[in-house]
Structure formats: structure tokens, C-alpha cells
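Note that the chains take the letters A, B, C and D in the order they are written out, and that residue 1 is the start of every chain.
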């Protein structure tokens, strides 16, 4: 009663703040129009398009081999998984089966990509919350994976290692040893991540109960990946619709029900363990086989629609290809995880503080080129 | 009671975190993870498959393997490769045949996707491992890959 | 003036021999002030370098290593760059306050160093309310921060400034109370006397044992908050507010804010050293008999130790949120502090000090 | 659930629903645009269907018709369906919004509006999301021409 009177007497004025396009917590060129009352957020209105390159339109112009390298530039932290999604969709259209070797290698590299992406996220999460040192520890470990990629694929980030029908070339002879070396290294470092950040009382206070997303909302908003799984939405495409070699490995789907930033954090930490266990299972027995299933030089998909879902590092990535039988796709749509996850932001940060918004955004792990495409 | 256990746990976790960073501080002498880049140019070696830029190897007779089939030009997603060609009379056989005049490569437009090298039937172009590609003027990024006066190695079309 | 070192004495005598007494005194003030100013500009710069080096070692990096051997001239070069930079400003700023703010911040830090007891002889002013003076002066800086945030016509700066206001005002209490706890032991506010007390009875943190250790911990937390350093750097909070209150400042005006932060850190560390670790007294009196030994070295070593601790905090912990910051102060530090004060009083009353 | 069973249930939701599984791995339901909202609501609330997860919303230009493709999944019952809706009005295409049924549609419909110019009734905040508000034309339509920025091979 008294509180209400005070609130009525103290009339505050809301004001707008442009968070972005250049803002340290936006991790790129995300612009959020915040309506703020003091420190309390009343509304978050994302304004996108600062890095929109019209990849979907470009795909309508390019051949099927060429669209693969465009997807590198979408979610550049899980570029291999994006490539894989397009290749799987095209292979579905061509109705060809790649060899087991290709499947296993794709899976291993996908998981390495996921690990690299989550490592970077861990560093950035700490940095967003003010613990700058995490960034460097994460980069130290990520360097191993980037070196593996560089040795095998020739590039560190935009690898373009997949082609429709297989892989561009075979893995490097050092690949297996280097991956094992990395696993040994990272298994000692991951508990350190926990000691440094997860247990920290300030970190716990900053993330626990912040940005709570319920399971119903997660499904309704299409929030997938660690965001959805942090809310208890079992949305792992690797489990639901297995592709590549995921049907032959044992792994747990990281599920937490709290739905707050800490749950999303824990999902990613657990996913790192699971990714390592998947690689552990596959690395020792990569089957022999062809690295490419021969396709025609000019791929023409039959008339029809092809949809492929994969689990990218940030959630479900869907590739929709509509073909009219020509050498170019008629329409390509990328259902990017970041875009759907972003739509949740306004819903769950209303009434929170600016610092909570930063913590929530950090736990969402936005990659802006993924949202803008 | 939870008030005091909160304080105790809080301090404990803070000290755990400090022990991690403190451990690294003490071991900082062992060396950093950063590379002192311009200083280590001598020892810095890229991996064999590193995609630096597209080059066309020539052998000692100044001959290359490019037949001018243009598959790289077609495969390139962003038009980084242009091939200027014409039909010339082959001095040996006397037949007219496709010869490249210039294999123009726009490094500035290249996304290092590797599709041209994949599509090349004669392995005429390969990746170079150089990593310092910056120049002071954009025009230097447009390169002619075949050396002046070079010709295609005989018998490569077959 | 209480600087009876030989060289200062020579200058003192020389000045008084060539000038009338009043003019000579004023000249002496100016000389001392200039010397302190120069000293602390250098101290500030080298603390910045130290911070960067320490941060680098925590983060598996090398730190500045290009300008001079081990990068020791790096911050000098930075300062030179900042001096030569253009002073840009926002449109529609409150010009007067905008220009005034950096001086507020830097002056309040510089005034405080006047009373530091670097050693027995090396102290510009030994006023009898030394601790109180330090405490009062260190609160002025927040006005500069508030002015900077308010006048620069930037909402992020404004939020930062408001955060700074509430943070400094609330943490003042804890700093003050933890100081008071220790003053109970010494019975004096004069810095030189506080140190003298520790010569016979051991360092205050040992003399006061449990309550003194609690007071020290509270003082470190609150002191870090006072200087607006991580984990309490909500004022700057680069991932939330860009750069907080000094977003719109450039060149030397920015450098003033930057330098003030490091000098403030030095001040807090100095107070901690004086109150808990015996100021310039050597541990176990190991250098008491060596007459030529400059006691200020002990002071500097102890201060650097405390500063290292604060840097360690900064490069390990995440940042708190505004409401958590206030919760920590009002629900944890303040009650503990009050209890601690009573505990200390009881201990002194029962004569349980060591 | 098999596609035939799905078809039987969905068929009762409205008139003139077309079903096809050709050229697609899913059951395609082509819904007249007037019935779109009604059918979608039924898809969500029907206890045998429970399509609660809209995992992809694609704007489409079929040359003549403009339209939207909804990819739906039931998180509980694990079946999938594709709903298509078309409109032949290219000047002022208007469809019903489904963002009150699946909240994720809010952003995706904004994207479709941005690139195809399809307006959605009852959408809370329909605006140009990626492009500037004064952008001329609808870029992902097949008849969009921009000679300055588009390179046609």
C-alpha cells in the first residue's frame, strides 16, 4: 500500500537508449532499441539488417556447389555445420548416400566446430559479465581446434570443407593424433572453466533466475539449441532426426529445466563434455571408404522441396531448398537459430536491469550474421 | 544460518577462482599463448593445405598446365577468375586450339572457397601458403597467374 | 612542513636565506606540491603499466613489450599520445561542468596524497585528523564522476554516473566503519601516530586479530568498490555502458579520469597499509637498526602487494549487478561491520589484544 | 502418426484443403488464405495433432502466387506437417498472421513482409526488419530488379 503510494508520487520518465549497432555486448552489429525506466528495461526492440548480405537471394543465382561456401558466412562460428546442412539437403535431393567415412568425418568435425563455438561463447560470456580473463583461456583452447581445421581444411573459420556428395579432400594424416591431443588437453581444462567461472558466487548471482524462459514459451517462440534445452525443451535435432553418424553414437541430450541464464550456461558446458565423448567414440574407428560420391559437374536437383534440419552450435538450423529442376535453386531459406532465439529476448527481459539484459544476451550467444543472413 | 553459509561459500568460490588465475600468474614465466607475429616470420610456417591465394605453378621451361577450359571460371562463386583466351595454331600439330592469354585472378574478391581448384581437371592452379596478402592499392590484388611468355605443357589436354 | 631530510633541509635553509619568511614558505609549498605532482604522475603511469603487465600474466599474454625494454616506456608513450590528441566533445554538452569534471576527479586524488606517510620523514602534512582527512577527500571524486556523466549529454554516461553516485555513497559507510574499527585500537586519527602504535605492539592486523582481519576484508571489498574497479566497475561496465561516465571524453581529459582511478587505487592501498600492515615499519623490525635504509621502500612494497591483490580481484571476478552491489553493502558488509566494531570494542575493553 | 491419418484429421478442419505428398518428404496441406488462421489454430489445439512448434516459416514467390510455407512439428507426438498458403494478389498481398498461435511467427512474418511484401493481419508490429523503412520494392520476389546491387550471372 505504502509502496504503491510512493510509486505514484515518484513519477519517472521512460527514455530510449540505442544499444548498438556498435556495442560491446552486441557481439557484432545488433541494434537494440531499449525503452528504459532508470535501470529497468521496459521494452527491447531489435533492429536488424546491419550485416544483411541477402544470402538467400544470392543462393537463387548460384549453383548448388557454390551456395555451400555462402553458408560459411552465416553463423561463422559453426560454419562446418552450416555447410553440412546444405550438403545434406542437396544429397537428399539427389538421393545419394555418402560413405560411412564421410559421415563419421563430418560428425567429428561438426562436434569440433561445436566445441570451438562453445569455447568462444564461454570466453565471451565471462567477458560480458566482466571477467575478462576467461576470454584468453577460451582462446587458448580454441586454438587447438582451429589448428586442426587449418591443417585439414585449409582455413580456420570459413572452411568450406563439405561439398555435395562428400568432402573436398580426405582428412590430413595428422588429424587423428591432433584431435586426441586436443581431447587430452581439454579434458583437463574444462574443469578449470568450472572452477573459475561456474562456481563463482558473483557469476551465480548474475545468472541464476535471470532471463527465465518457460518451456511453453521456448516451444512457442521456436527457441532451440542451448536456449531451448535450458528451458527443458528437448529440441536436439541430433536426437530427434539423426543425420550423418549421430545415430551410431551414444550421447546424452543436455537438458535443464530452470530456463534461466545459468541453465543455458550449464547446457553448453555439458554439451562440451558430450561433444568430447562423441569424438572419443568415433575418432578411433573412422571407417575406410570413398571421400566423394561422384556427382555430375552441374548438379540439377529434381523438381521438389527438400528440407534438412541439423543441430548447429546455437540451435536448429533448417535448410529449405525449392528446386524447379534447373541448376540453380528456385528458393533457399535458412531457418537460423539466432533469429528465432532473438525473438524471445523482448519477452524475457522485460522488467530486468540492463546488466541482466547483457547476461541474457551472453547466454543466448548471438552471432549477428546468423540472425541477419 | 544460510546467511553465514552464503558468506562462507561465497568467499570459498571466490578464492577457488583466484587460485586458477593465480596459478597461471605464477606459471606466466613459462611463456604466453600469444605469438609475436612480425618477429616470428622466419619460423612461422603455414600448413600444407592452407588457403593463402591461388597460384599457377610453372615448370622450368615456363610451361603451365592450364588448357583454358574455364571450369574454374564457371565454378567460382564470385567471379574472381577471368580467363582471356583465343584459338591459336599449335606450332607442333598445326591444329587450332584453345590457349589462354591471361588467367586473371582477383584476390580481392576471392573467398578462398577452393571450388576452382577442386574443379580444375589438370591441376593447373593450386593453393599457395602465403599469408601476407595486404597491399597498398587495390589494383595490386588483381593478378595474372600465367607468367608472361609461358605456354601450356604439351600433351596435357589428353 | 615536516620533511627534514638533508636535501630538503638544504633547500629549506637556502630559501629562507634569500627570501622573506612568508614568500619562502609559499615557495616551499609550491615546490613540494610540484614534486608530489610529478611523483604521482609517474606513479599513476607506472601503475597503469603494472596493471597491464599483471593482467597479461594472468591471461597468458606478454603485455606491453615494444616501447623500451619490457615495455617500460609504454605508458609514457601513451600519455604523450593522449596529450597530443584532440579534445573532442559532444554537441549540446554543459560546457562548464563538462570541462570541470576531470579536474574534480584528479584533484581529489592528488589532494589525498599530501598526508601519506611514506616514511618517518617523508610526509608532507601530518595533520592530527589524517585518516579522517583521507576519508573526506576521497569522497569528493564522486562529484566529478557525477558531473561528467551528467554534463556529457549521453545516456550511457548518465547511467554510469548515477551508478557511481549510489555506489560511492553506500560504500563510504563500510570504508569509514572499517577504518573506525582500527582507530579504536590506535586511539588516534593521526597517521604517524597510528604507525608508531604498531612499532611496539606489532601490526594492527595482528594486534586486533579476528576483528582486524574481518575489518581488513571489508576494507578491501569496500575500497575496491570506492575506486570503481572490477568487480565493482559498474560505473564503466564496458560490456553494458560502453565506457560509462567518460565515454564522451578524449585526450588528456580522459587521461585524468584514467590516472585518477590508479591514484585512487594507490590511496586505498596506502590506507590499508597504514591501518593494517604498519605503514613504513619493516616486518619484525629487520631494518630498524640500519639507519641509512630508506623506510619508504617497505611502504611501497606493502602498497604494491595490496594493489596486486586488487588487480587479482579485477582479472578474476565477474562484475556485480547494481542491486547486488547494494545488497552486498547493506545486507552483508554494513551489519558485519557494525558487529565487528562492537567486537573490537569488547576486545579492547577486555584487553585481549595481542 | 502416418500421413494418411494426419490427412484425415486435418481434412475436417476446413473446406477446400488440398493435400499432397509429391515432391516433398512431408505431408503438404494447401490452405485457402481465408481459412488459414482457423486451420492453424486447430492444428495447434487438436489433441491428436498438437502442432506446437513452428520450426520454419518461409516466404515464397511461386512466380504468379505469393505465399508462405509453415513447417510444423509436434514436440510431443513427433509428427510433421507442412502448411502452404497462397495469394494471387501481387499488389497488396494480405494474409492472416499466426503469431498469436506460434509466437515465433512474429519475427518470421516481419522477415517475410520485409522481403516479399506480404502483409499480415493482426500482426502486432509489422515493420521493415532488415531493410531501411524507405526501401523500395520487395527484394526476394522474382520480379525484383536492382541494377546497381544485383549481379546476375
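Rule of thumb we're sticking to: a contact is a pair of C-beta atoms (placed from the backbone, for glycine too) under 8 Å apart; a residue touches a chain by one contact, two chains touch by 3 or more.
Just so it is clear, the structure is predicted and the values come from calculations on it, not from any experiment.
Student: Mean of the CA atoms for each chain, then the mean for all of them together: which chain is nearest?
Tutor: When every chain is reduced to its C-alpha mean, the one closest to the whole-protein mean is A.
Student: Look at the interfaces A-D and B-C and say which one is made up of more C-beta pairs in contact.
Tutor: A-D
Student: Comparing centres built from CA atoms, which chain ends up most distant from chain A?
Tutor: C
Student: Compute the distance, rounded to whole Å, between the mean C-alpha positions of chain A and chain D.
Tutor: It comes to 25 Å between the two C-alpha centres.
Student: Could you grab the centroid distance between chain C and chain D? Build each centroid from C-alpha atoms only and quote it in angstrom.
Tutor: The answer is 63 Å.
Student: What whole-number Å value describes the gap between the mean CA coordinates of chain B and chain D?
Tutor: The computed centroid separation for chain B versus chain D comes out at 42 Å.
Student: Cα centroid separation between chain B and chain C, in whole Å?
Tutor: Taking the average C-alpha coordinate of chain B and of chain C, the gap between them is 52 Å.
Student: Give the residues of chain A touching no fewer than two other chains, as numbers and ranges.
Tutor: Those would be 62, 133, 136-137, 140, 196-197, 200, 202.
Student: In chain C, which residues are in touch with two or more of the other chains?
Tutor: Expected reply: 58-61, 315-317.
Student: At least two other chains touched by the same residue of chain D: list those residues.
Tutor: Counting only residues that touch two or more other chains, chain D contributes 151, 153.
Student: How would one label the connectivity among the chains shown: line, ring, star, complete, or other?
Tutor: Drawn as a graph, the chains match no named shape, so other.
Student: Which of the chains are touching one another, listed as pairs?
Tutor: All touching pairs, sorted by chain label, are A-B, A-C, A-D, B-C.
Student: Taking the touch rule as given, give the residues of chain A at its contact with chain B in the complex, in rising order.
Tutor: Those residues of chain A that touch chain B are 62, 65-66, 68-70, 72, 133, 136-137, 139-140, 143, 147, 150-155, 158, 160, 163, 168-169, 172, 192, 195-197, 199-202, 204, 297.
Student: Residues of chain D touching chain A in their complex?
Tutor: 22-26, 52-56, 58-61, 69, 71, 75, 78, 82, 102-104, 106-108, 111, 115, 125, 129-132, 139-140, 150-153
Student: Using the touch definition up top, name the residues of chain A that touch chain D in the complex.
Tutor: Going by the criterion above, the answer is residues 45, 47-49, 52, 54, 56-57, 61-62, 92, 217, 219-224, 233-235, 240, 302-307, 309, 316, 318, 320, 322, 331, 333, 335, 339-340, 342-343, 347, 372.
Student: In the complex of these two chains, what residues of chain A are touching chain C?
Tutor: 15, 17, 23-25, 39, 126-133, 135-137, 140, 196-197, 200, 202-203, 205-206, 353-356, 358
Student: Please name which positions on chain C make contact with chain B in the complex.
Tutor: Answer in residue numbers: 54, 56-62, 312-313, 315-317, 332.
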